[in-house]
Amino acid sequence: MHGPLMSEMTWPEVDAAARAGAVALWSVGATEQHGPHLPLSVDHLIPLELSLRIARRLHVVIPPPQAFGNRSRPLSGGGPSFPGTTSLRAGTLVQVVRDVVGQLAAGGFRSIAVLNWHGENVNLLHEGIELAREAGDLERPDGGGPVRVMLIERVFNAFSEAEMAFLFEDAREGFPGWPAEHAAIMETSLMLALRPDLVRRELIADDRAAVRPFYDLTPTPPEHVAASGVLAEASRASVAKGERLAALIVDRLTAAISEALDPPAAP
Amino acid sequence: MHGPLMSEMTWPEVDAAARAGAVALWSVGATEQHGPHLPLSVDHLIPLELSLRIARRLHVVIPPPQAFGNRSRPLSGGGPSFPGTTSLRAGTLVQVVRDVVGQLAAGGFRSIAVLNWHGENVNLLHEGIELAREAGDLERPDGGGPVRVMLIERVFNAFSEAEMAFLFEDAREGFPGWPAEHAAIMETSLMLALRPDLVRRELIADDRAAVRPFYDLTPTPPEHVAASGVLAEASRASVAKGERLAALIVDRLTAAISEALDPPAAP
Amino acid sequence: MHGPLMSEMTWPEVDAAARAGAVALWSVGATEQHGPHLPLSVDHLIPLELSLRIARRLHVVIPPPQAFGNRSRPLSGGGPSFPGTTSLRAGTLVQVVRDVVGQLAAGGFRSIAVLNWHGENVNLLHEGIELAREAGDLERPDGGGPVRVMLIERVFNAFSEAEMAFLFEDAREGFPGWPAEHAAIMETSLMLALRPDLVRRELIADDRAAVRPFYDLTPTPPEHVAASGVLAEASRASVAKGERLAALIVDRLTAAISEALDPPAAP
Amino acid sequence: MHGPLMSEMTWPEVDAAARAGAVALWSVGATEQHGPHLPLSVDHLIPLELSLRIARRLHVVIPPPQAFGNRSRPLSGGGPSFPGTTSLRAGTLVQVVRDVVGQLAAGGFRSIAVLNWHGENVNLLHEGIELAREAGDLERPDGGGPVRVMLIERVFNAFSEAEMAFLFEDAREGFPGWPAEHAAIMETSLMLALRPDLVRRELIADDRAAVRPFYDLTPTPPEHVAASGVLAEASRASVAKGERLAALIVDRLTAAISEALDPPAAP
Amino acid sequence: MHGPLMSEMTWPEVDAAARAGAVALWSVGATEQHGPHLPLSVDHLIPLELSLRIARRLHVVIPPPQAFGNRSRPLSGGGPSFPGTTSLRAGTLVQVVRDVVGQLAAGGFRSIAVLNWHGENVNLLHEGIELAREAGDLERPDGGGPVRVMLIERVFNAFSEAEMAFLFEDAREGFPGWPAEHAAIMETSLMLALRPDLVRRELIADDRAAVRPFYDLTPTPPEHVAASGVLAEASRASVAKGERLAALIVDRLTAAISEALDPPAAP
Amino acid sequence: MHGPLMSEMTWPEVDAAARAGAVALWSVGATEQHGPHLPLSVDHLIPLELSLRIARRLHVVIPPPQAFGNRSRPLSGGGPSFPGTTSLRAGTLVQVVRDVVGQLAAGGFRSIAVLNWHGENVNLLHEGIELAREAGDLERPDGGGPVRVMLIERVFNAFSEAEMAFLFEDAREGFPGWPAEHAAIMETSLMLALRPDLVRRELIADDRAAVRPFYDLTPTPPEHVAASGVLAEASRASVAKGERLAALIVDRLTAAISEALDPPAAP
């Protein structure tokens, strides 16, 4: 039996999974610079790896991750000036979400979970889901009422204070706020745990923008962007932090998906 | 001399102000339920009132506030089920911002500040500004290079820990997170300070949703939404908190606008 | 009891008004130059003031006026070259109207009236309403059938010949046609009656474009635009004309709204 | 030499005409009911026939007329309920105009005239032209600066009072206003003069809606629409009126095009 | 009785035809260079002429042909560099199709056939039809279920090998593939048969691009485009080929329309 | 050194590759049923695998493949009724292409190749590229003129007759035309060669729709779609055919990319 990657499944296999009540668990991320030590795929690879772990517990089907996200912004991802950062305009992403979510519903999935890992996608995924709903695309084709759609827009909203402390206790400046936590402790740790083959350990180094204003400015002044693309302390990342964080997130998401969408156990 | 409200100014007056280096300071908010004790205009009235205070110090022109914002979401504003909540689709708001910002630039303003007070507008204002820039609409008509645009997307990003403590020290559950801080301590306090005539004090009461998940679910379960529309503790609001907070915000924004856009002092 | 301004009402108050059969009476205008003697808000302030007078007779709720309208055109508003004129592209306005009208219907209003005061909005308001209808957004949430929407696109279509004569009898060139009647007799008179605080009387002066062709030309030749932004005779405006005209319009609109939408009397 | 119809010309012939300074004269109309006696093509056939007459005097090239226009409205064209009325949404028409005008400029025409004959297209043609201009599509490919675009939005704006009197002197109710002058005296007369083969004379009859309000209402009440689709007095139409009117319009348009765009005489 | 051209019919005539079960047979083409010997209208004139022949056998109504199609591409139509080629962007054409097809259904036609003659329109017509269906615009107004829509995207898909041999047997290079068969044997022959008045016989000449790659390149290299706009052998065209081909196509389309949509015989 | 997959590279690595003249080689496909024996990813996996082989010879960077393509159509891919088929609307795909191609150019790539493997994407990729060009997004950021974009829309256009004969010589019905060659000889052979782990050999079986009309019909009659999703003879597929075909395509594409874009050899 192939799965849980939809791209490796045939249509009768997807059909059977959807009929069995599997959740379509779709990762949405970005292709965005993450410093000299992390690949451009961090924002779509992390949710994909987490999804694969969730798939060991719950019956889910994983559609092809959305590798392109909304415009990278200077204060939270370095912005558009880094080669390799490849973004969509907001309207494009909204339409992608509207279409894909609607098509998953048309394919027979009775519940869908969207797992986001890119701050610049906030509000756009919700919009895409709402547009699909308004168009009638989230009604079950079997007449069984609305398809349920779960949106996990910011995973870190699920973190407790204790967990935050563990993550940032040895950081010289403490928790820098989520926007600046880019290519830094959390993401580097997670990549060390989930895809160590893609981390250039020898290139891990701290960096930060000269200033971190609470506002954006266009055109972007150079002092608002760190030259390396690392926006805070990457050097305090560790495999241990990554493993614990990954386990924690998988637990939380598994519990939340079970609670909200009630899928069968993994086959 | 009329001003700083653009709606009360004539075109030669706007022309003179723009030539003098005034900043166009535009409020973007929402028309959204804020419980039984606050009016629907909280999200566009607060930034407007703050702008009027800033106008006492800096030379700014205040275009008509954008009263309609992006879709209210259940976990941060109660969502679309409350009568009176009147929202725009995301694409609509993006285009409004693109057009208005571009027109202010065409009108001769060399710097523009966008002051947002609605979480659901996050990322959309940035998109609108970028679309205007890409279309060439943010080039100064006098050939003087790009118009500078400042986006204040989340004012509370400017708050220090001490200030947060002051605000939430007497709240039974402490700081509930910004999404849930809707029609609660911060906004009620500010309205008590800025527009007390619009606060129904006798109706101030705490409320909260039965559950506060870290994810959204469509269709929205009733337990995700507080029946009154108040998502946390409104009863701990006070005029004193509001005054201190308003003063603090006005100070911060005045300093930030001066730093980033360098307008003349108020005429 | 607050009202009729929706921005000053709470959601339970709006809910009660909608249930009681109140009409949502929405002004749509523009932010457009009106010469050196009138403010940029003429096109959204006049319908708002008229609405407030109607609200003394009929039970209406007044949502935040739409201050930005479609592109000002040279022959009817001076066009885009005047600082302060701040317009939306046509598609933007259409979507704003589609969304707002649909949201008012979703909020429980069983009837909506759209009051326009900007010639360049013609056909766009109708399009927005039709798009909302096509999307199913104008069905009553209580299943009671379609929400009724009244569009008052050109108020002056309601004027009789006698009334036109009164307005223009002492004008040297007579009635110049509605497009050229911009910042001239009608609008200056109405502002003198409705918002005299915003009229710079000492700056009232006649003007007109060197030529008034029956066609538009792009790029706009300078002789098609009056330098002051006044397109005809403003000097023949008077408080008396304004009062009579305002009274007449309020009477006509009150009668028409009653006839078409049958709201209760003002509470 | 073929011409002036672009559809009958080859590309080298169009090239030669554009280089010689010919004006691209494009008709935009509608496919809309015009009662039982006139064909659905009235609104695109009349401007086409007028263009052919202009082409005897001025060097013009006539691109394929735009047969589909914006939504027919009940008070000015009977609305969407008549079989055969085939309309575009506003946004569609705007984009058609943007593209076609831009392409004519790209093809080498240094001046373009758009001749409209459908009230519901008002403002949309202007928007399409402006969008083309903003996109840079109205710059001459030879670097010679902006292409000139003339928009004749309402031909009847060119009529004098004397001419109006001639047209409507024997009408029982006089001039009913342009919106109601649909399939009535003016259009029937013009068709009798320009395309008598398409007029069903035996079916010419007066009609009118039971009421003619100054506002639109959705859903449209039946009494707002004349059952036949004729909105005023068609029986007072005559070949003589049509001939005189056609001659007058051709004279006016020829003079205006000459004045504004200065094309060579017809080849 | 007027017909089958909808532009010559009145609304009651269209109504009667639709009620009688007539098919709306709509031609979609392009305005695109076809060398020095053929007019720009080839792509919308050929399907129109074929439709008129079909109308002698089946009861069809022919709406105004869509004269503007999607962007001409260098390898299949010479591309945008030829004066007179007047194209729409893809999104524009999709919306035109969505609107027109939906309006024909609203007008009472129970079946619609779309006849395309422009390779660059491929997939866009299908999209337009699907968008109309998704919007609910292809439901019969009488509640009789879905309107049937037939899309004839590439007529030559109906040709047999024998027919291909007849067409290209005397061509020096044989069948060059359909994209290159532009303004060449097939189209020139058909025009010689259908509209010989529009063929400049003395200008018929072979041409071809210097290279015919299997890929497109932007910017287009000059060697990818034939200078004359003729992409293959036009000189082997003949009236006989055109007559036979036209007869064959009309037979095939008549049979296919009968089979799929079952209209009455021509009245 | 990581590569050629952009998702595994860091931003400095992409920067270096782009500066060295590497081509961005982007696969665009679909997620579409391919019968019971092939996975849903065939249309994006095949071009990705081919790209990886090309990367052994030429210096290319491979951005994340576009896994979602335009609507599957019944006659060429089975259409939307198969679970797992997950399509985008045409406008969505066009915008994705516009954005991604523009971003690759902004990232410093001086040449881009788009490799398509989904018939329903035809014309849409070209549109996306043109929109990026029109918006100025295909100008090199270093001022070096236009970025070159190669579009390989239909790879099989590069096949010779001899190669077609080899592929289809033992097929009972011969070559069925490319639309019907879905999940059949060509694609099954290629998957057997490129990704044998994903082919369910025991489920390979021939199928075909009961009829194969040359036109589309909406709603789709069941006899137009093969129940299994295989539209022709899959059983004649073989590893040998797949290997030969893959080698041939890689040779052709390598040669074509070299010729058109002239990248360095693989590093």
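To keep things simple, chains are lettered A, B, C, D, E and F as they appear, and every chain counts its residues starting from 1.
In this text, a residue touches a chain if its C-beta (ideal position, glycine included) is under 8 Å from a C-beta of that chain, and two chains touch if they have at least 3 such contacts.
This is a predicted model, so every value here is computed, not measured.
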Skipping subunit B, the chains still linked by touching group as one piece
Where does the B-C interface recur among C-D, A-B or A-F, taking recurrence as more than half of the contact pairs being identical by residue number? A-F
For the two copies subunit B and subunit F, what is the rotation angle that overlays their Cα atoms, in steps of 5 degrees? 120
Which is it for copies subunit B and subunit C: same residues on both faces, with over half shared, or different residues? same
Cα centroid separation between subunit B and subunit D, in whole Å? 47
For subunit E and subunit F, what's the span in angstrom between their mean Cα positions? 28
Residues of subunit E that contact two or more other chains, please. 89, 91
Note: in the complex, subunit F contacts subunit A through residues 2, 6-15, 18, 31, 33-41, 44-45, 63-64, 67-68, 80, 82-89, 91-92, 95-96, 98-100, 103-104, 106-108, 198, 200, 203, 229
Residues of subunit E defined as touching subunit F within the complex: 70-71, 73, 89-91, 94, 120-124, 126-127, 129-131, 133, 138, 146, 148-155, 157-158, 177, 213-219, 252, 256, 260
